[in-house]
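Listed below are the structures to be examined.
Look at the two complexes coming up: chain A is in both, with chain B in one and chain C in the other.
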Partner chain A sequence: MEMREKLGSYLSFLNKYSAIIALAIIVIYGTLFVPHFMSVANLKAILFQYSIIGFLALGQLLVIITGGIDLSQGSLVAFTSIVAAVLMAQIGLVPAVVGAVLFCSLLGLFSGLLVSRTKIPAFIVTLGMLGIGRGLAKFVANAKPVPITDEFFRSMGRAELIGVPLCAILWVIASIMLYQFLKRRRLGRYIYAVGSSEESARLAGINIKKVKLFVYTMSAFLTSIGALIWASRLGSGSPIGGIGYELESIAAVIVGGASLYGGTGSVVGTMAGVMIFGVINSILNLSGISPFWQGAIKGILILSAVALSQIQMRRSRKA
Partner chain B sequence: MAKLLEKIMPSEKANDAKGSLGSTRKSLNSNLKDIIQLLGVLLGMIAFAAILSKGVFIQPINLYNILTQNCILLVVSLGQLLIIITKGIDLSVGMIVGFSSVLIVLTQDFGSVLPILFALGAVIVIGIASGCLVHYAKLPAFVVTLAMSQIVYSIGKVIGGGAAVYSGFNGSPISPGLLSLYTDGIFGIQYPLIITLVCIIAISLYLKTSIGHFTYTIGGNQKTAYLSGVPIARVKITAYIIAGLLACIGGMLFVARVGLGDPQAGDALTMDSIAAVTVGGASLSGGAGTVVGTIIGVLILGVLNNILNLLNVPPAIQPAIKGGLILLAVYLNSRKISER
Partner chain C sequence: MNDLTPILKLKQIGKSFSGIPVLTNVDLDLYPGEVHCLMGENGAGKSTLIKIISGSYTADSGEIDYLGQTYPSYSPRWAHRNGINTIYQEIDLVPHLTVAENIFLGNEPLTKFKNINKSEMNKKAEAVFNDMGVDMDVRVKLQTLKVANQQLVAIAKALAFNSKVMILDEPTSVFTNTEVELLFKLIRKLKEQKIALLYISHHIEEIFEIGDRITVLRDGNLVRTGLIGEFNKDSLIKSMVGRDVKIERHDDGKKMGGVILSVEGLGQDGVVDDISFKLHKGEILGVGGLVGAGRTEMARLVMGADRRQRGKVIYMGKEIQIKSPNHALALGIGLVPEDRKQEGIVPMRSVSENMAYSLIEKRARFGLVHWKAIKKMVLENFTALNVQPQSPEKNINLLSGGNQQKAVLGKMLCADCDVLILDEPTRGVDVGAREEIYKVMKDLKNKGLAILMISSDLIELMSQSDRILVMAGGRIAGEFSSAEATEEKILALALNQGGNQQ
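And now, the complex of A and B:
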C-alpha cells in the first residue's frame, strides 16, 4: 500500500514537471550529440522563430483551460499580417498596428460570442473562423503578399536587447503577466473553474458567457501580437502564411500538461511545451532530417501527449 | 425499419420498442421535411443562377459539368457523413485524398490496378489507427484526425519529395487507363459519375445493413447502444475505414482528372465535405444525417460556387463564405434539434 502511495506521488510529481523534464532531456541530448546545437546563433534562431508560436500558445492555453479549442489561429496570423501591411501603407505605423490587433481581436470576439451563446461546438466555430479568416486575408490582399516598407517595423522582428531577441523578451513578459493573471486575478481563477466543471461554475454564480467571450478574444489578441512579429520578420503580409500554426500551439499546450477536457494547464508548462517543439525542430534541421517529416513528428507528439493526459485523468478518477 | 428495431431491442422491452418506433416514424417524417426544404433551397438557387446567367446556367451541358466537377467532393463527403453520424468528425479526409494521389502516382511502376490497391491498403491502416484512437483511447475525434492529417500530409511529402509527382519511382508514366477515366464512359456518362453513383448506392446499402444502422444508434446515444449490445468498436472503426477508402477513391479521381499526384490536392476538401454534410442536415451531435441530404448539400455547394463566379465574387473570399456557411448550417441544425 505504502509502495503504491509512493509510486502515486512520484507519478504526480513526474506529471507536474514532465514538460520541463522532457525539455531538459532533449536539450541535453542536443548538446551532447548534435553539432552546432549549443551555439549562440542556433539558440537565438530557436527563440526568434518560436516566440511567435509562444504568443499563440498563451492564447490557446486560455481557451484549452476552459475546455475549448481555437483552430483559427493560423488563419488569424495571415489575416493580421495582411491588415497590418495594407493599413501601414495607408495610415502609418501606429494606427496600422493598433488597427490590425483590433480587427483580429474582433474576429476572436465573434468566435467567443458564438461559442458562449450558441450550442455550436468550439472546434466547429473556430474551424469556420479558420475559413473566414483565411478568406478575408486573401480577399483584402487580392490573394497576393503585401510588402511592408516601414523600416522601423521591419527591424523590430530582428531586434535584440543585450544579445537576446526582443520578441523572446516580450514573450517572457507576456507569459509572466498571464501567469500572474491566472494565479491572482478573479477572472483568471474563473477560467479554471469553468474548465473543470461548467455546471458547478454556473451554480457558484460565475458568468460563464463572459469568461468564454474573454478567452476567445484574448486568444485572438495574443495571436495578433505573434502575427505582427511574424510579419515584421517576413517583411510582408502573406495571405497564405501561418497554415498549421494552430496545431503547433495546441501541441505545445497539450505537451505542457493541459488536458483537452479543460480545467488544467499552466503557463510554465506551455512555455516548456513551446520550447520542446523549438528544440526538436532545430535538432531535426541540424541532423539533416527532411523537414517534411516534421508534420508527422508533431502529429505523433500531439497524439501521445493527449493519450497520456487521458490515462492520467482515468487514474486520478479511479483514485 | 421495424424489423431492425426489434433486432436492437430485446423482446422484454416491447413497450420501449413501441415508443421508439413511434419516434422513429416521427423523425422519418421530419427527415422527409428537411429534404424537401433542402431541395427547395437548391431549386431556388438554380433558378437564381439561371436568371443571373440569362439561361446559360440551366443548359444541360453546364448542369452536367457541375455534376462531374463535384464527384470527388461527393465521394469524400459520403465518408465524412458516416463519421459525423457516429458523433465524430474527420479532419483528415482532405489530406488522405492528397496522400493517396501521391501514392497512386508513385507506384505506377507496378501496373494500373496494383497502385490503387496499395493506396486502398494504406488508407485502411490509417482508418484503423484513427478509429482505434477514437474508440479505445477515447481521444476526441477532431484531435485524432487533425494529428492524423499532419502525419499523412508529412508522409505524402516525404515519399513525393515535397512537391507534386508526375510519374512512378522508376519513371513510369501514369497509366493511360487511369487517365482515360475522365474522357471515357459508358452510354455517354463519364466514369467518375458512375463511380460516384456506385459509392452512393454502396453507402446507402451499408446504412441499411444491421451494422450500418448501428452507426445511427451509436451517434444517438452511445450508452444505450452499449447496453443494447451494439458492437461499438466494430461499427466506429468501420466508419473510419470506409471514410478513408472513399477519400482514397477521391484521390484516384483526382489523379485521373489532373494527371498528377499532389500531397496538397485535397486541401479544401476537408472543409467542403464538412460544409456539405452539415448543410445536408446532419447533426454534429450525432445520430442524424442522410445520404440524400449529403448529395443535396454537395449540389448546393456546387451551385453556390457557380453563382459566386457569375456574380464576379473573387475566388479568394470563398473559404470565408464556406466557413460562414458551416457555422450557419450547424447553428440551424442545433436549433432544430433542441426544438424537437
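And now, the complex of A and C:
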C-alpha cells in the first residue's frame, strides 16, 4: 500500500512537471550530441519560429481548460494576415493592425456565441470556423498573397531587444499576464471551474456563457497577435498560411499537461510544451533527419503525454 | 421547539412525472435547530421532495413558505444564495479547484485590484473548518480528498454561505464509523447554531441517535410526522411499509432443478463482501435491499463486468473465471442491466438489430455475420414477446420503456442463456408491459432457466421470486423463502444491517 502511495505521488510529481523535465532532457541531449544546437543563432531561430505557435497555444490553453477545443486557429492566422496586409495598403499601419486584431477577435466571439448558446459541440463550431476563416481570407485576397510594403511592420518580426527576439519577449510577457490572470482573477478561476464541473459551477452562480464566450474570443485574439508576427516575418499576408497550426498549438497544450476533458492545464506547462516542439524540430533539422519523420516523432510525443496523464488520472480516481 | 415558527414550511406539495404522481399533498415543517428525518422506502418520494426544496424541481401544486415569504418555486441558485443548501450523495463540487476555492466559488474575497485574495480566502475557509471542529488542509485540490472529506467540504460551503436550512441526503453512506461520529458531532453543533436540518438516511440506528422528529413518506404520501419518542424501530418500519396489499405469489408447484450457478465468498474492497448463494435451474431468486446495498455491483462481479478480488463462481459444476460480459454470454449467463438507456439498448438502431447483438458472434458463418439465421431467431422472439409496435425495423428510441425492456429481454432470449440476471426488470415500465415481462420470466423459468432478479419493488420481489436474498451494506443480510417473506421482514433486514463499512 505504502509503495503504491509513493508511486502515486511520484507519478503525480512527474505529471505536474513532466513537460519541463522532458524539455530539460531534450535540451541536454541537443547540447551534448547535436552540433550547432547550443548556438546563439540556433536558439534565436527557435524562438523566432515558435513564439508564433506560442501565442496560439496560450489561446488554445484557455479553450482546452474549459473542456473545449479551437480548430480554427490556423485559418485565423491566414485571415488576420490578409486583413492586415490589405488594410495596411489602404489606411496605414496602426489602423490596419488594430483592424486585423479586431476582425479576428470577432470571428472568435462568433465561435464563442455558438459554443455557449447552442448545443453544437466546440469541435464542430470551430471546424466550421476553420472553413469560414480560410474562405474569407481567400475571398478578400482573391486567393493570392498580398505583399506588405510597410518597412516598420516588416522589421518588427525580426527585431531583437538586447539580443533576444522581440516576438519571444512579447510572448513571455503575454504568458506572464495570462499566468497571473488564471491564478488571481475570478474569471481565470471560473475557467477551471467550468472545465472541471460545469454543473457545479452553474449552481455556484457562475455565468457559464460568459466564460465560454471569453475563452473563444481570447483564443482568436491571441491567434491574431501570433498571425501579425507571422505576417511580419513573411512580409506578406497569405491565404494559404497557417495550415495545421491549430494542431501544433493543441499538441503543445496537451504535452504541457492539460487534459482534453477540461479542468487542468497551466501556462508554464504550455510554454514548455511549445518549446519542446521547437527544440525537437531544431534537433531533427540539425541532425539531418528527414522532415517526413518529424511528424511521426511529434505524434509519439503527444501519445506518450496523454498516456501519462491517463495513468495519473486512473490513480487519482482510485484513491 | 414548538414555540418557534418554522423556518421552512411545505404546503400541500404535489408532483408527478409523465402522469404518474410521485408526491401527493405533502406537508412538512422545518424548525430552526431541529434534525428532521425524512424516511421512506425506495421510491417513496424522498428524493423528489428534496429536489423541490432545493429548487431543482418545480412542484406541480402547493407552496413553500421560507422565512415568512411564500413561493410557488425558486431556482437552485436562489435557494443556495438564500441559505437553503443540499449536500447531495453525488458531490456537487469542482474537483480541480482547491478546498478553499470550492467553498468560496462565485463569492471570492477580492483585493482592491479585484484580484482574488487568496490568503484571505484560505483564512476564511480555515475559520469555517475551525468552527466545525474539523481538521482540513484548505489548499489542496478537492479531487485529492476522500469522499467523506469532500462531504465535509460541501457542508463547510453551505456554512460559509450562511446556511439556514441544510438537507443531508444520506451523508453517511460513504462514511466509516469514526467519520459518522465526527459528522454527528458536527450536526449537534449546527443545531446549536439554529440551523434546520433535514436528514435522509437508511440507517435506522442513526435516525434514533441524531433525530428530533421523523416524517415518513410512502408512495408519495405523507404517512406520519412525529417526535422521535413516538416511534420505535418496529413502528417506524411498519409505517414505512404499511401497505395492506394481498400479494399473489406465483406457485405453480413446479420443482426447481439442481444448482446451476453458485457463488462463494465473492468480494471486492469497498463494494461487496462475503457474497455466497446458490441458484437453481428453474428458479427465480430475488435480491432485495436498498439502493446502494451493492446489488448491482454484485451482479457486475458475477458477470465479469468488473473484476472480482475474492471469491469463486461455480457454473455447471465447474469453477469459471469470467473475463468479460461477452465471455459470460458465451457461457450462457446473460445480464439485463438496470440502466436501460445507458447499458441496455443501442439507441438509434432498429429493434431487431438491438435484439441481434447477442447473436452476431454465435451465429457467424465463416467469420461473417449470418443475417438470415439471426433475423429468423429475432423474429421468433419478437413475436413471442409481443413487442409493440409490431415492426422489428423500427428505431428502438421510438418505443415505450416497457417495450424497450422487452426488446432487451429478447436480446438475451436470442442468446440461449441458461442463467439470466435481471437488474430492476420493470423499473419505469407501465403496468401492462410489466405483466408481460412477468409472463416471459415465468415461461423462461418453466423452461428450466435460472433467473437472478434484483428488484427494489418489494411486491415484485415477493410475488415473482421463489427465494429472496436481502442485501445490506454490501453483504447478504438474510434469506427468505417466498412463503415466509413479508414486507416488514425484508425491510427490517435491509435497514438493520446497513452498518457502515470500516
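In this text, the second predicted complex is superposed on the first by the 319 of 319 C-alpha atoms of A that agree within 3 Å, B and C clash if a C-alpha of one lies under 4 Å from a C-alpha of the other, contacts with A are read in each partner's own complex, and residues count from 1 in each chain.
Here, a contact is a pair of C-beta atoms (placed from the backbone, for glycine too) under 8 Å apart; a residue touches a chain by one contact, two chains touch by 3 or more.
As the structure is a prediction and not an experimental result, all values here were calculated from the model.
Visitor: Pick one for A:T264: touches chain B only (first), chain C only (second), both, or neither.
Guide: second
Visitor: Please work out whether A:A201 is in contact with chain B alone, chain C alone, both, or neither, and reply first, second, both or neither.
Guide: The answer is second: A:A201 touches chain C but not chain B.
Visitor: Under the stated touch criterion, which partner chain does A:R185 make contact with: chain B (first), chain C (second), both, or neither?
Guide: second
Visitor: Counting only touches as set out at the top, which of chain B and chain C does A:I162 meet: first, second, both, neither?
Guide: A:I162 sits against neither chain B nor chain C.
Visitor: For A:A41, decide between first (touching chain B), second (touching chain C), both and neither.
Guide: In the superposed model, A:A41 contacts neither chain B nor chain C.
Visitor: Taking the superposition on A as described, I'd like to know which of chain B and chain C A:L32 touches: first, second, both or neither.
Guide: neither
Visitor: Quick check on the output: what are the common chain A residues between the chain B footprint and the chain C footprint?
Guide: Shared contact residues on chain A: none.
Visitor: Looking at the complex, which residues from chain A come into contact with chain B?
Guide: Residue list for chain A touching chain B: 69, 71, 114, 118-121, 123-125, 127-136, 138-139, 141-143, 239, 244, 247, 250, 260, 290, 292-300, 302-303, 306-307, 310.
Visitor: Could you pull out which chain C residues touch chain A in their complex?
Guide: Listed in rising order, the residues are 76-77, 80-81, 92-97, 101, 105-108, 110, 114-116, 118, 143-144, 146.
Visitor: Per the contact definition, I'd like the list of chain B residues that touch chain A in the complex.
Guide: Within the complex, chain B contacts chain A at residues 89, 91, 133, 137-140, 142-144, 146-151, 153-155, 157-158, 162, 271, 274, 284, 314-324, 326-327, 330-331, 334, 338.
Visitor: Which of the residues in chain A end up touching chain C in this complex?
Guide: Within the complex, chain A touches chain C at residues 184-186, 189, 192-193, 195-197, 199-206, 263-264, 316, 319.
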